[in-house]
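Both complexes below contain chain A, partnered by chain B and then by chain C.
What follows is the complex of A and B.
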């Protein structure tokens, strides 16, 4: 874990779960693996608070535990899974994707599960139905069956998966009917479980309940008791569902490839690539370098009915895609009218390269970008060659190269002619290595998001008094309107905020929106660079 | 090899052309301070993406942030007890305690050592008010009973029992009553010494003989 990642994780934990969890989480990230007692001792927090924080982190899948170094008999050791904390940045994107694929119902299901970490199917369905009913006009309510069908579709396409069951390590079951709960239960990977995507059988009928604002505590307690007794009849006790982040990432990757093709070529080519990716969704494993080979005939048959192009035109487009220097699509055989694959890893590498070039262009200008692209293409070049190929005057080329060198985007490689590395007899070659540069930029991105969050917290803190005042006035206005006050009273309350204060609030809101939006946008770059770096590593 | 030095006088081991500046040019000044915190940018950054999708995700992000503060997963440390008891303490309900957790996780999926008591979320106001009234009524009866028992007891034990009463009734609203005051004080031990009081009975009780002395 790099320093920037730790800082960003700390900020995200603090934003969502408070200071206590942040302290526990960052300490555990920095220390690696710790037992409960050691963690409580080192963070100097009360033991109960540490227990609560660990429960929260485990509920959200950010912390895992395992048998310690002393084996199953010793104390349990905990460690943090940093990627899951960093995924918190991407929650809005996951929810929006679910909305675009499965509508409002899908959106709410994913949102509920993301916020709670893990949920059973029945409780998710009930909560989502209630929320949808709340937003519907009076008299209508959401039926459970619709929510169940949306849930099933999400599971079928692997966007949701079961939480892996705990395999007990070292439990002693000597024929007793009720084995005591083992002190250490070992979590397993979700994919190892064969029933990962199997829906449980539950009998859940009914409709969402509208929550009245005037309901008193008694009725809610009765409803809560009823819900508890109902739960035992549902039939899916102990089966928890979590969001399958990897599937969402594959979806984002496909989206990025399709939009890149549509930008570079045209709409028709992007439709072809979309069809190819859709066909190979389920057959391609997660870390594959290219999709399964698809014949041109199959692609033609799999086109959506709304989109029809003639067969020879399809062949022309496929040839165009194969010949494109971006190499999104490759041809692997001739049977069936030609066998084509989508080169996933190469596409990711090209997308990352485009990101790097764009960063250099925006920070240092188009001529520096030209030099950068040149070095990417030609690998190693001397000073003189750079000037000639880039068609940039010598002095400026030198200046730009040195600027890029000082930012670590370009490296210098020395090739000596003589063993003593004498400067007059050594070749100095400039080079760009894509992978280390991508890693460098990724760390810059983490630092950027950390800075954005801190700036937003600072802005909020500066204007805390004003924000609280405006919240109070809104609350007063809302209660006045609910009790039906007249317009004069409302305007009187509204005037409690003066015009310059209103102006200040407006600028504050504008700044915070901008900072939030920037976070979302930087996260898109983070996703691309992370996917590229992960694709270069050997699959686990 | 260092051997080729000394042929020409000012001959460096590398040719200055390769470095990129001529002989007479001044070297760029060396940096004395760390680079500024907000260095001036050469180019303005590209404006952010706009569009319906971007706005929706922005709204989602802000909503998620706001709602996560109300969830039971947002853990706040319990306030440490100060020595001073505030008036507002009795009106603040639902104070988080460190040893209860506000949601019920599935304990079978977690190590046993993490298990803490689960606290049901209390509804505001209903319970404290209900329990207060019976306590107040009981308090009055208690006081009456105490008074009766104290009347029968010896006076030396009064002060000790007063302290016990106060400890039992610490959480209650009504002020701790009526310390039983010693009834002895009323009659005998006033601030005034009885012998100084002259109630006039002796006036004129002196003998009337020897009336030749004038009476002033």
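What follows is the complex of A and C.
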């Protein structure tokens, strides 16, 4: 865990869960693995607060526990899974993807589950139905069955999965065998559980209930109490569902590859790649370097009919895709009209390389980008050769190379002619290594997001007074409108905010929106670089 | 009986020299000592040596050494007249510079080859320059370094830098202009291919341009004062590849087709970048009022 990652995790925890959880979480990240007692002692927080924070973290899948160093007899040790905390940056993207694939219902389902960490199917369905009904016009309400069908579609395409069952000392309803607690270093993966994607049979009929605003407070309490008692009747207690982050990541990766193909070649080629990726969605394991081999016949049959491409044209497109220097698609055999695969790792490497080049271009100018690309292609070059190939005057080339070197984007390799490294008798070669540079940029991204969050919090704090005032005014307005006040009273209340204050509020909102959207944009870069770095590591 | 007086052939030194000169003319590649001896067997070694030395000092004979021994060659009358009036040292330095051809030679190398002290060399070089026999050319690689070569020779490309350098200055604007022109040509070709709406294979092939075509286009544009060869255009196209705007494929071509080099042809086509500028570079910096 690098310092930047720890800082970012701390900021995210504080924003979503508050100070106590942030303190507990960051301390646990820094120390690695700790028992409950040690954690409480070191953070100097009361024990029950520490317990509650750990529960919150565990509910969201960010903390895991296991048998400690002293074996099953000793105290349990807890550790943080940092990747899951960093995934919190990406929640808006997950929700948006669910919306684009499965509509509003899907969006709300994913939002609810992300908010609570883990939920049973029945409670999710009910909450989502109620929310949807609330937004619908009077007289209509959302039927549970629609929500259930959206939920089951999400499960079928593996976007949602069951939480792995906790092997507990007592017997559990799913009839798990009495297994000892797993060791801390070996968490059970959800996929190990054979029933990961099986929907439980639940008895759920009905419609979403509209909440009347007058019964707000009571209705909530009653609903909460009802939820507790309802669960036992639904037949799926103990079966909790969580969001399958990996599946979403695979989806994002596929999207990135498709958009790259459409930028580089044309729309039809990207459709072909989209079809190929869709066909191998659930059959390809997560860390595979290639998708399953697909024959041209299969691709032709699976092609969406709206596109109307003739068979020989399809073959031509496939040949062009294979010949492209980016090597998105490869040909592995000749049976069935040609067997084709999508080169996933190579596509990720190309995307990461394009990201690096774009960063250099925007930061240092197109000439430096030319030198950077030149070094990426030709591996090792001397100073003079760089000037000749890039057709840049000698002085400028030297200046740019030194700038890139000081930013650590370019490395210097010394090859001595004599055993003593005399400078006049050594070759100095410039080189770029893609993987370490990608890691360096990833740390920059984390730092950037941390800075953006802090700036946003600062802006909010600076204008706290103004924001509170505007919130109070809005509350007063809402209550006045509900009780049916006259227009004069409403305008009087509205004028309590002066015009410059209104403008200040506008700019503040504008700033915060900008900062939020740039967080999302930097997160896209983070995703590409992380996927590339993970693809280069050996699969676990 | 009258005494037959065998007329002794005159051993006049001038005659010997003339005879040697005639022999040199007969053998333009040079004659060895052996050949002179065979021709004039009666001439003694000493006289022969004297004659040869005379000719050398006057500057009408060139002394060369090859693997077998010494060769004497008649010096070109023109060059012989040029160095008339200069002394031996100057002649030596001039010889060394002449040998360097059109790459020129540095003062330090002249010193090594002639074993003369630096002050002498500088004096001689000044002398020769004033006589307009040699000239100094500044090298592009190291701007302080001067190489000397004969006055009427064209300096080699490696010294002046070729088409991209004019007076030791790298012409960046010229390179930029060429860069943009080549890119526009390839881009318009790619767009025309895309708009033609034919089958993808044909589209792709029509968007490709050989380096020969690009070269012809640039020559016809007439933006270059200097004549550019196909290799020059290829270096410009390589910079476009490093800009990420163009990609290159090499195909095998029949010998004799226009523009093929060693049975290969290089094809270029304009491409689009595969991603938009990445998210990291879109973040506002927080100081600049533009974003806010």
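We take it that the second predicted complex is superposed on the first by the 506 of 540 C-alpha atoms of A that agree within 3 Å, B and C clash if a C-alpha of one lies under 4 Å from a C-alpha of the other, contacts with A are read in each partner's own complex, and residues count from 1 in each chain.
Operating definition for what follows: a residue touches a chain if its C-beta (ideal position, glycine included) is under 8 Å from a C-beta of that chain, and two chains touch if they have at least 3 such contacts.
Model, not experiment: these values are computed from the prediction.
Colleague: Does chain B (first) or chain C (second) touch A:507, or do both, or does neither?
Modeller: So A:507 only meets chain C here.
Colleague: After superposition on the shared chain, which partner residues are touched by A:58: those of chain B (first), chain C (second), both, or neither?
Modeller: A:58 contacts chain B only, not chain C.
Colleague: Is A:16 touching anything from chain B or chain C once the two structures are fitted on A? First, second, both or neither.
Modeller: first
Colleague: Mind working out whether A:104 is in touch with chain B, chain C, both or neither, as first, second, both or neither?
Modeller: Touch partners of A:104: none, neither chain B nor chain C.
Colleague: Would you check which partner chain A:143 touches, where first means chain B only, second means chain C only, and both and neither mean what they say?
Modeller: A:143: touches no partner chain.
Colleague: With the two complexes superposed on chain A, say which partner A:317 touches: chain B (first), chain C (second), both, or neither.
Modeller: Only chain C is touched by A:317; chain B is not.
Colleague: Touching A:521, do we find chain B (first), chain C (second), both, or neither?
Modeller: A:521 sits against chain B and chain C alike.
Colleague: Please work out whether A:362 is in contact with chain B alone, chain C alone, both, or neither, and reply first, second, both or neither.
Modeller: The answer is both, since A:362 touches chain B and chain C.
Colleague: Name the residues of chain A shared by its contacts with chain B and its contacts with chain C.
Modeller: In chain A, positions 362-363, 394, 514, 518, 520-521 sit in both the chain B and chain C interfaces.
Colleague: Considering the complex alone, what residue numbers of chain B touch chain A?
Modeller: Interface residues on chain B, with respect to chain A: 1, 13-15, 18, 20, 41-43, 45-46, 48-49, 53-54, 56-58, 60-62, 64-65, 67-68, 71, 73-77, 98-99, 101, 105-114, 116, 123-124, 126.
Colleague: Show me the residue ranges of chain A that touch chain B in the complex, using the header's touch definition.
Modeller: Its residues touching chain B are 15-21, 36, 45-46, 48-49, 51-56, 58-60, 65, 75-76, 91-93, 95-96, 111, 115, 117-118, 163, 166, 181, 183-185, 217, 220-221, 238, 240, 362-365, 383, 394-395, 398, 418, 420, 422-424, 428, 513-514, 516-521.
Colleague: Spell out the part of chain C that touches chain A in their complex, as residue ranges.
Modeller: Going through chain C, the ones touching chain A are 141, 164, 170, 172, 175, 179, 194, 199-201, 204, 235-236, 238-239, 242-244, 247, 249, 271-284, 286, 291-292.
Colleague: If we count contacts the way the header does, which residues on chain A are in touch with chain C in the complex?
Modeller: 256, 259-260, 263-264, 266, 268-269, 313, 316-317, 319-320, 325-326, 350-351, 354-355, 357-359, 361-363, 366, 369-371, 373-374, 377, 384, 389-394, 441, 444-445, 448, 451-452, 455, 507, 510-511, 514-515, 518, 520-525, 528
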